[in-house]
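Common to both upcoming complexes is chain A, partnered first by chain B, then by chain C.
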Partner chain A sequence: MAQKKKPALAPEPTPGGKVGVYVCHCGGNISDAVDVEQVCAQARRVPGVVVARDQMFMCSDPGQEMIIEDLKSGLVDRVVVASCSPSLHESTFRNALLRAGANPYVYEHANLREQVSWVHHGPEATAKATRLVAAAAAKAARLKPLEPIRVEVQPRALVIGGGVAGMKAALELAARGQAVVLVEKSPFLGGQVAQLQELAPEGETAAAVISELAGAVLGHPAVTVYTCAQVEGFEGYIGNFKLKVVRKPPLGATYADRLEKLSKSGQGLGEYVPFVGVMPATIPESPEDFDLEAGVVVLATGMRPYQPRPGEYAYKNFPEVVTLPEFIRLQAEAEGEGDTLMLHGRPIRGAALIHCVGSRQIPGIHAENEGGYLNEYCSRTCCAATLYAANLIRDRYPQTKIFDFYRDIRTYGRGQEELYTQAAASQVVFFRFEAGEEPQVLKNPDPQGPPLLVQVKDVLTFGEELEVPVDLVVLAVGQEPNNIAGLVQQMKIPIGADRFLQEVHPKLRPVEMSVAGILLAGTCQAPFDVGETCAAAGAAAVKAAAILARGFVELDPFVAEVDLSKCTGTGACVEACLADGALSLVDLEVAGQKVRRARVNPVMCLGCGACVAVCPENAINVQGWTLKQFESMVDLIVSDEYLEGA
Partner chain B sequence: MALVDPDFAAELKAYGVDTALDCFNCGTCAAICPLNFEHFPRKMIRYVQVGAKQKILQQAQDLWRCLHCGLCTRTCPRQANPGELILGLRRYVLAQFRRA
Partner chain C sequence: MGAGKHAGKILILAEDACAYPGADATGQGHMSYSADTYILRVKASVLFPEQFYLDCFSKGIAGIIIMSCGAETPYPGAYEALARRIDRVYVLMKERGLDIRRLRLTAICTVCTRAFLKEVQQMQDLVCQLGAPGSEAAAAPAGAAKALQEQ
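Now for the complex of A and B:
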């Protein structure tokens, strides 16, 4: 077990404890409903409490300074703050204790806002606040200083996924001196971006982006790349993940099209081929697997374009109906230099582009997809990509007319509104449809005309029904997360209702998963464009590098602890334990006798307390939440002795 | 059910109408127009965009309601010049009548 004890943070406070109680007004949030002065007055009568003070904002500098002063002067050696929820400010006050030179775990938090002032009013509010503070003070008097659990970190990052996100994350990690293993399921680096040509809105080529990233990744000595490889075994925790990686030839003809294109191109290993990517190594002939230890894992498993159901906008009914990625490839591989776009020898005089295909689906209006789900989110990138394609066609093939059918257009990013302006200037004709009244794609009854007819109830023409004869229909499909159910299950990581991976906090911790040490980069999290993907991947890489560079991680010590003077080795705790490997029975020698006793692996322990409940000897407790501490809290909740006039 | 005619906008160039596709259908012109008449002049501009020739000819008399006050042209966020567009459509309609 890679685990060390740190030297003690501060001398142990005198037993019994001198408790300081600090009650916050929260600027009226609490004090409008709770008589804060009365809570303080009653708290002073609780055994062990030496001082009780109030403050308008305890989290403010003056509030924190007040606590630090009392600790430094020796007036108090245990702290209770009664304020908002601990998820908001518990760490603020633990840090204040640290700054005062005290152990941060001789701290107890009482929630007077969410649990009192926001839900109760009148005298009952003050009465409940008083009892919560008294209970917290009683517990605080029994708190013991604890040491955080320190775990050494395996000096290696594993990046899963070899698209833009994975390659960017790997490079940023390597640039910070960290060793990286990059695992890619397919035989190619480049991901979905390698299936594109020019990238909206600025028009950099996919070839340039992927060539640069793949070249740097393959050329960097700190990065090891495994293609045709998948993670099939996962255990461990931040700093010490143990993974099984399997390399095997791809199933069936999964990549036959791309492999054929690669061999026709005449390019070799490590070279970029459009609509293929970069193949860095040959495909293994037989399955092989190896074990890998990593301190952090970066998930960059990416997205796939929405695949319309057969018949959705007549997709697959007519060969002239294609998705936007399919069109990009057709256009890139089109022959001819004329004024009119030619596809498969057929002039495209008019093309319809339809937005929001497979995105912004509404329950009750749109049909569920194969797996019984709806993509209710906006895929964000398709509007710009569609307008970029429209402008490109109008620019290169002035005789090819573009009809753009949208529900809404959102060109949200820098340089994107210009695409819309340019489309209007390029004489793109726009039509708007309502949800549930999507355009119909039909065979054109006029045999002299183009093959398809798009019918729409056009909002812009005051709801009139219009018909547009076209040679081509392009469906602007959205982004869906790749299916990584296996990883999700093994890693026990959360996914959102939209099936994308879910970060800890969408704004404040956007690249971290709730499982410590697992980070996420790119379109496995949400629809992103290439720039946003690189920003996310860079952030994930720096977070990962910070964990690796520190060399160890500290975990909260609220884990089970065995009292060997009471343990008789019944094993009830091991049976009840919810976390594999957190509790085990080991052979010990006590007073010359061999005995079996429970032992906690503090790194694996969840601190849930299931073991505490089943131990017949009361020999196991969760540190910071011991049964004795709970008893003291209950005693004070039911006691009236400290109340005024009691 | 009207068939969209993408070549109509080009046909109108001869009558001095060449800004119709700059319009993004915001309706500012119709909101500010003192006639306060249906969707005038936006409706006419939209008909040009989709090439609804017959609609314009059927509702041609509306073109002569315009006072040419210039408010729509002054407030148009896309400089699509609705006022001039209406004048151009009058010329187009007259030419069609003469031909008929």
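Now for the complex of A and C:
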């Protein structure tokens, strides 16, 4: 009988370290600025380095195989990869070491992309890259094999936000057998989608989408929903987040309009009401809080429509200037079945739709908001939503003319270009303007005509200045992230320059935050339409379920370790320790004598190293981040010995 | 930004939870700064004893920027302990005739790209002005040397 061949494993690391250096071109991202071959050549002169190789994409299969082969053959027993930021690929290469049968912690990463090639050019970029690689090799030579710390996972997911993204994520988690707690700060489920009527580009109704999702969420035994609830305390780590949730009545008249509409609708708890959402439970009379433990957290905190400043496109100057969400509601509540759209009893014979309001703002051209921010991004969804509204009006009210003022039309997704084609066929009249030459909305001086006049320098007619009298101006406002400064601060999660939450990498680690165990769903991350929101929520839920289903997580073993051969029991480390219970002095018997020595509780240790600095004997260090390793790195940064010509 | 100046090496201790991603964000924005900067990723700067900084200057590092998380550190109490330690390092630097501005404690967040650039530029300007570590004491006239000690 044929015997199964045992996979070859990397030999045990040697004390001195045989360091392999692997430098990535990153497809030119690095090698366009850094002479990778020269970095390798000089790296071979660094003490302890036995091989230095380069590869177009070190993260690719051939790149990883190169490392694995060298480990398995025993050529190297420490690895340095010089590539992009460790936040992207450190775990990739640690896993490559594991696949080679090596310990994943005999690995060091040099950041040559974000911290060299993207910020420096020419010979100085190569020189700096060489020193960083040499420093990483010096650290790697001193690395020891470590074992990860395994901790149990709390078998529960917390979803923050009860809009479409939050409900979709909760349902997907529940469908995979996971318990879910969903907290929503308002009294309603449905989020911003509940403020819409029909959803571009397909035209399904918000009522149908929210009714189905909310019904399923509220009816699922694995999902617990708390409305009027906010997270006000957060600590812990992946697998073991501890949160304080507070339920309290909404402040002031925040939701008065919606509550009144709900009351007038005659609908009860758990039933969908247009432009309100689904209210699953009564509002608490007084604040109440409770503690919650969760293994993962899904953020689905959503967006809010851009609110134009008073006077921006004459918003608030004239009642006939409204935002697109306001128009959708006005139109949905309009009465009458004639050929002309009627709003508040007034016929709308002509309506102007203006794109890019609160999006694609340009420094020096557009005014910053009160927080000093500009929305420089494209909100992506407003073009399709505006064209959908234009087509809807033309279809239902053929006597209402539509004038569409755009900078660019961005109908990027499936079914969206058709909206543009349909609008053109429906005799929507298009005008194009340049940034900085936005249409002006004025009072129409002709008392016999419509109340407003839109002036524009039209690119489509080679700069002709045109005036269009209209009864209504609709501002296609973009999306802004909800203000979740409190959560950001508590969870220490990154936000981008656009103020949306920032995932680790859009292609390599989508919907993941840099804080392990926290995932993103929907428009808290970027402007999305409802379809994209559901896709992102599904992705976040599946990643969250994978963590919970495993039942445990392995944490990096970067905690303090006492070298008993050096420890003299001064107790300085215990005094300096920042985590209660992480360090203590215990009685030990050494060479027949009773002595007091420091002992680390690895589960409690934060790994900050406050103890390291105060030990007179350097008898305590953080595993994987020792003082000697850092000293060696500095030695190689200042040394010229390995440089060519030195 | 001053990319042509080579006044001396600047060591940046960038904490893993804030300043290191902040440096990455600076790179993602392709915002250039002095190439004489060497970023060490650290979990918390409180790990380094006083002697580490003095040794760095002895080895030829011209300036050190500690880019901590400040009060936002994931290790409660670490920033305060670090600040007390840096005060002690300043005393030792003065004793050795080192200009204490060569060591700067600052807080940089994950998106603090402008602050990152500003800190690097300021330190680069300083080390250009001061020269190699230790040269300030040697070059200073007697009165100035006394003033240096009294900083």
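As a working rule, the second predicted complex is superposed on the first by the 427 of 646 C-alpha atoms of A that agree within 3 Å, B and C clash if a C-alpha of one lies under 4 Å from a C-alpha of the other, contacts with A are read in each partner's own complex, and residues count from 1 in each chain.
We adopt the following convention: a contact is a pair of C-beta atoms (placed from the backbone, for glycine too) under 8 Å apart; a residue touches a chain by one contact, two chains touch by 3 or more.
The structure displayed is predicted, hence computed values, not measured ones.
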(message) With both complexes superposed on chain A, which partner does A:E575 reach: first (chain B), second (chain C), both or neither?
(response) neither
(message) Which partner chains sit in contact with A:S85 here, chain B, chain C, both or neither? Use first/second/both/neither.
(response) second
(message) For A:E418 in the superposed arrangement: first (chain B), second (chain C), both or neither?
(response) neither
(request) Based on the superposed arrangement, let me know which partner A:L132 touches: chain B (first), chain C (second), both, or neither? (result) second
(message) For A:D458 in the superposed arrangement: first (chain B), second (chain C), both or neither?
(response) first
(message) Residues of chain A touched by chain B versus by chain C: which partner has the larger set?
(response) C
(request) Check the residue A:V468 against both partner chains and state whether it touches chain B (first), chain C (second), both, or neither. (result) first
(request) Enumerate the residues of chain A that count as touching chain B in its complex and touching chain C in the other. (result) none
(message) So in the complex, the part of chain A that touches chain B is made up of which residues?
(response) 350, 401, 403, 424-425, 427-432, 455, 458, 460-462, 464-469
(request) Could you pull out which chain B residues touch chain A in their complex? (result) 1-4, 6, 9, 21-25, 39, 43, 46-47, 49-50, 52, 78
(message) For a test of understanding, state which residues of chain A touch chain C in their complex under the given definition.
(response) 85-87, 111, 113-115, 118-121, 124-125, 127-128, 131-132, 135, 489, 492, 494-497, 514, 558, 576, 578, 606-610, 612-614, 622, 625, 627, 630-631, 633-635, 637-638
(message) Under the definition above, what is the set of chain C residues touching chain A in their complex?
(response) 3, 9, 11, 17-18, 21, 23-24, 26-33, 35-44, 46-50, 52, 55-56, 59-61, 72, 74-78, 81, 85, 110-111
